[in-house]
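Down below are the structures I want you to see.
Same chain, two partners: chain A is paired with chain B first, then with chain C.
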Partner chain A sequence: MNKKKIYSTWFLAPAMLIFLIFFIIPMITSLFFSMTVWDFKNFTFVGLDNFKMFFSERSLNIGIKNTLIYAVLTSGLKVILAFLIAVFLSSAIRTKNIIRSIVFFPNLVSTIAIGITFTAFMHPSKGIFNKVIEFFGGTGIDWLGNINLALFSVIATDVWKGVSIATVIYVAGIASIDKTFYEAASIDGASGWQRLKSITIPLCRPAMNSVIILSFIGGMRSFDLIWAMTGGGPGFATDVMASIVYKQYAAGFYGLSTAGNVIMFVLIAVLAFPLQKFLLSKEVD
Partner chain B sequence: MKFRKVTALLLAAALAAGSLAGCGSGKSAEDDSAEAKKVENEVNKTASGEEVTLTMLIDNGTEPDGYEAVLALAEEKLGIHVDVEIRPGGDEGDNIVKTRLASGDMADLCIYNSGSLLSALNPSEYFIDMTDSSVASTFDEAFTKAASVDGVLYGVPFGSSSAGGVMYNKEVYEKYNLEVPETWDEFIANCDVLKEAGENALIGSFGESWTAQVPYLADNFAVLQKEPDFPEGFTAGTKKYATSEAGLRSWQKLAATTPYYNKDYLATNYNDACDMLVNGEGAHYIMLTMALRNIYSLYGDEVNKIGFFPIPGDTPEETGLTVWAAGAIYGNKNTDKVDDIKRFMEFWVSDEAIDAYVEKVLPDGPYHNGYQLPDTAYDAVKVDMQKYFDEGKTALALEFLTPVKGANCPAICQELGSGQTTPEEAAAAYDEDCKKQAVQLGLDWK
Partner chain C sequence: MKKRKRLLLLGDIIGMVSAIVIFVFPFLFMFINSLKDRREANLLSMALPKEFLWENYKKVFEANNYIVLTAFKNSFLLTVLSVLGLIIVCSMAGYVLQRRKDRTMSIVNFVIMTGLMIPPAILPTIWVMQGLHVYRTLFGMVMVEIALQIPFDVMLYRGFIGTIPVELEEAGYIDGCKRASLFGKIIFPLLKPVTATVIILNAVGIFNDFTNPLYFLPGSKNATVQLTLYNFMGQYSNSYNLLFADVILITVPMLIVFIIFNKRIVDGMVAGSVKG
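The block that comes next holds the complex of A and B.
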């Protein structure tokens, strides 16, 4: 059976050891501590109380809803916008390289810096967005103060920042499509739209899947941008799982915040794995 | 190909060498400064007979001028050199303090809040017992209570007490012929006059959520007038904000302020609000008196344009001052320098040390050890606030009377103040939030 085996299984040992120490053991301990009231020194076992509290209290479970909205919207917008930009950037335009760089720039700036900058842009009375709107005769919008809008303002900023990485993945995907497909199609008289629909989209499917999975998981555990822009506020309007977990930790509720992390882990696993499986099944060779 | 490999190897070697060199030079610089310090300390040694270096962890919101003056004096008088480590304030600061305590990495001196935040630190594990020190008896009851857990005193006051209430711009009051209100209705009537005249009756700085909780927290005097045993009941879990008339009233007052704020109050931050108040862009700002310090450092003597009155109660009798006990210096007991740390802490509250501090940073309120307020103190402190101390109409804020304080208090107040919830909902949400703290502290709440 193992005639073709050249290397000893022991070669796996170092990697497995690191995996065990840094991933498996912390995971099991965190599973345990999520069921305790814990102050780093002493703990009391409380069973599933922490989880019950998480699901029953509004200030905690609002995060589950917001996290899903955040992940689905940022991921969806990035997938669509980045694809359009990538198609545009793959076409024969003269300033392609410069535009590609410009599109990538937001990704080079630290997320916190982007958060602080956009908070200033979105200031209701002094921000540049509202100044522009008022210049054209509109009335200013309270981007981050309006509870119905605040989450979407942060989502828009996240998309602005994250669309570049998605674009790069798409550009690579589109560039790897064999040019002969397009030549054959144009000889057959296919229009630009037909070529896009029947060649580009199906053949850059692997790139699209990477973008979907990466941006979805990224959205699920997003924290830095939200923390820099709103801190979860006003009230709890933009709180996501990660910011709630952080707040419980800061308050010293270590057991409760560990429970939040476990919930977040389960949530990501339950959504991301089937999603990936589904997407892979759709890929064409 | 081979050429490339060789180049890569060379580059890698150069990089490694470079970083080694970097480390090396860094180390030598450190050596140099250590050498310099040694020389410096030797000078001290000849003066005082011994040399000690302590470390102090302090938040970045405290003006350095004041404590640096005292530290310089301590070096001269005690021969104790203190290295200051700066940490952020707010949630991040709490995180750092708790993590450093738990990992045994705390500085020798830790500056931190007194009251409920102290009890959340589990102080008996980490801090020096100051109950029997020579200075313990000089502190007033308010501070002793706030800096003690289970009857053991852990800290000495870092600064003066302060108060929460309404700061107002006297020029705006003169312009509209307003009187300082004695009841909540008079206060709202004043706000209405200002609002109709197109002024910002109230300045809100909800952009920083901790500021949103001051109107609720500073109403504690009125709560205690109606229900003197509220804090004990609250700690025991028998009294709740949602079901106590006096408690609920605080949340109703906070909700009643909503229509009077400046238009962009949800994005305004603390510093902007202080600017607005002193420049007359708003008439009232409900804040802690520490804002006076901030205004003084930016505008100097213009600070005396600012007057102060407590959050008014429903009757003149219910109008009194809600006082914040000073933050404290706690000594790390898990070091071999305990005696020096205690010596330093006792020095910190001596008159000469406070003199040096006050010369740089004026106090936000009376001192806890009876230190005489200087003549240069802000009018709002030495006239408006002192009046209530003289009349004995003061009460500590709730966070100094019970170990339970909900961690989400800022967000809940922000939510209520921005009109997302009703006072009843906010009070109930806060009760629910406090349950988490009670569970953490091992209190038996049902």
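The block that comes next holds the complex of A and C.
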């Protein structure tokens, strides 16, 4: 039968049309507008000035550094913590389904709501975290007000919210491992640690790769949690690329904002694509 | 064997306790504080309220001329329309992309898949929307939400259609079934499981979306629940009770969805992300 005739290209048309107009065209034109000063109606071409400004101005280039720290730490912590939780949940304990549901729920709650709640927990004088620390005799910490700490406090909250989806992916990965491997190993007298190291970890590689890629890209793009918790402050201590793009937009510097957006594309393209290639090549072995 | 049982019981206890402390506690905190009076709530403590003030919720509804109701209406409309649109366009696209393997299709595929990684170019999108006169409109917002979810949903549909045997369509074709009804009557009904996944994932994602409405749907008439919550944060920074009441109101729909579809959501998310 004639494939072209049955599977008409017209079926693709609506999706392609929407995707082209609202994603691809903006993406391509952004390359041009990032080299202009514009206000949606008129533009003046300024060459690479926006990018030069981005890299020389401290309040702007700090975003690149923070985005990288944010992406690497959130994905790293999620990869490790979620793996431990998943191994625990894959054991024979009876409450694992309840625990899995409990761990999963934060994933469905709006990021802004979580931001508000954790900002309350991290309140320097009244927050519960500091109350607990003081109860044990320590001195309270200014979680979100300290320039050196604020970014890490937000990262911890992000991990709290995001560890669930990573856990669920791992649980599925571990469940798909053939049980006979474990039986053979226990007949050979392998210890729990050996089974974990030689069976579970290598065989849930695909799940691990999904977790790494998903949380890395999510980390590179993240905006709402940071915006709800610190608004990029104190100073620019927690500004990431996405929050700078918004700030420049709100301030009316549309060219600069678009340049920030393009830098985000480039960062993701030069980091995430090779990372994915690398992880997939490992998977085949 | 007895030692092993005891170890498992210990695991149960430790697991439950830490899950409750780490993951349930924050939600309990929101709920308790949403029922306190202002002074009490601003202490941000975990103590039970002296008096349960359910009227905090009424106050939240009445605030700013019932903006919360407008926001709920907008958010529901946005969610329902976007999800419906996504189901239609993505199932059709995924179908053709899976069944036809030629050069055009692999180019289309490549273009769509870039959207899985690359974030949207925000200001040029506003520029395009202004050019089409859909900026600040619900229609424009729906289109943007659809465009941003197309890569992921097409991938889900394409993957699932790959598991449906082609023979069904061949039989239909020989019997003289038209192209449109071949898809509508034979294929689409078979896509129920993946459609359920698409509905749940996108409904949760779009309902909770803050960033895109912030850029593409400004203005109080267009407020969505997440934007209202964000604005409350500025307005009620001194009345945590009302702030948390709003948080709870917004969380409740998700809680209901979660209780009904718990297993489905988890399975759907796994299917989606592992294939990606």
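The criterion applied here is as follows: the second predicted complex is superposed on the first by the 260 of 285 C-alpha atoms of A that agree within 3 Å, B and C clash if a C-alpha of one lies under 4 Å from a C-alpha of the other, contacts with A are read in each partner's own complex, and residues count from 1 in each chain.
The definition used in the following text is that a contact is a pair of C-beta atoms (placed from the backbone, for glycine too) under 8 Å apart; a residue touches a chain by one contact, two chains touch by 3 or more.
Only a predicted model underlies this, so the values are computations on that prediction, with no experimental measurement involved.
With both structures placed on the common chain, the touch criterion links A:Ile155 to neither chain B nor chain C. In the superposition on chain A, A:Thr258 makes contact with chain C only, while chain B stays out of contact range. In the superposition on chain A, A:Pro124 makes contact with chain B only, while chain C stays out of contact range. In the superposed pair of complexes, A:Ile62 makes contact with neither chain B nor chain C.
In the superposition on chain A, contact is made by A:Phe40 with both chain B and chain C. Look at A:Ala207: by the touch rule set out above, it reaches chain C but stays clear of chain B. Contact comparison for chain A: of chain B and chain C, C touches the greater number of residues.
When both complexes are overlaid on chain A, the residue A:Ala113 reaches chain C alone and has no touch with chain B. When the two complexes are overlaid on their common chain A, residue A:Gly145 makes contact with chain B while staying clear of chain C. Of the two partner chains, neither chain B nor chain C is touched by A:Ile174.
Looking at chain A, you'll find residues 40, 123, 126, 246, 249 touch chain B in one structure and chain C in the other.
Listing the residues of chain C that touch chain A in their complex gives 8, 11-12, 15-16, 19-20, 22-24, 26-27, 29-30, 33, 42-46, 88-90, 92-93, 95-97, 99-100, 104, 108, 111-112, 115, 117-130, 132, 143-144, 146-148, 150-151, 154, 169-170, 173, 179, 182-183, 204, 207-208, 210-211, 214-215, 225-226, 229-230, 233, 240, 243-244, 247, 250-251, 254-255, 257-258, 262, 265-266, 269-270, 273-274, 276. The touching residues of chain A, when paired with chain C in their complex, are 1, 3-9, 11-12, 14-16, 18-19, 21-27, 29-30, 33, 40, 88-89, 91-96, 98-114, 116-118, 120-121, 123, 126-128, 131, 160, 165, 168-169, 171-173, 206-207, 210, 213-214, 217, 220-221, 223-224, 227-228, 242, 245-246, 249, 254, 257-258, 261-262, 264-265, 268-269, 272-273. By the touch criterion stated above, chain B contacts chain A in their complex at residues 91-92, 94-95, 98, 102, 120, 122, 125, 206, 209, 263-264, 266-267, 407-408, 411-412, 414-416, 418, 420-421, 429, 432-433, 436-437, 439-440, 442. Here chain A touches chain B in the complex through residues 37, 39-41, 44, 46, 49, 53, 57-59, 119, 122-126, 142, 144-145, 147, 231-237, 239, 246-253, 256, going by the rule given at the top.
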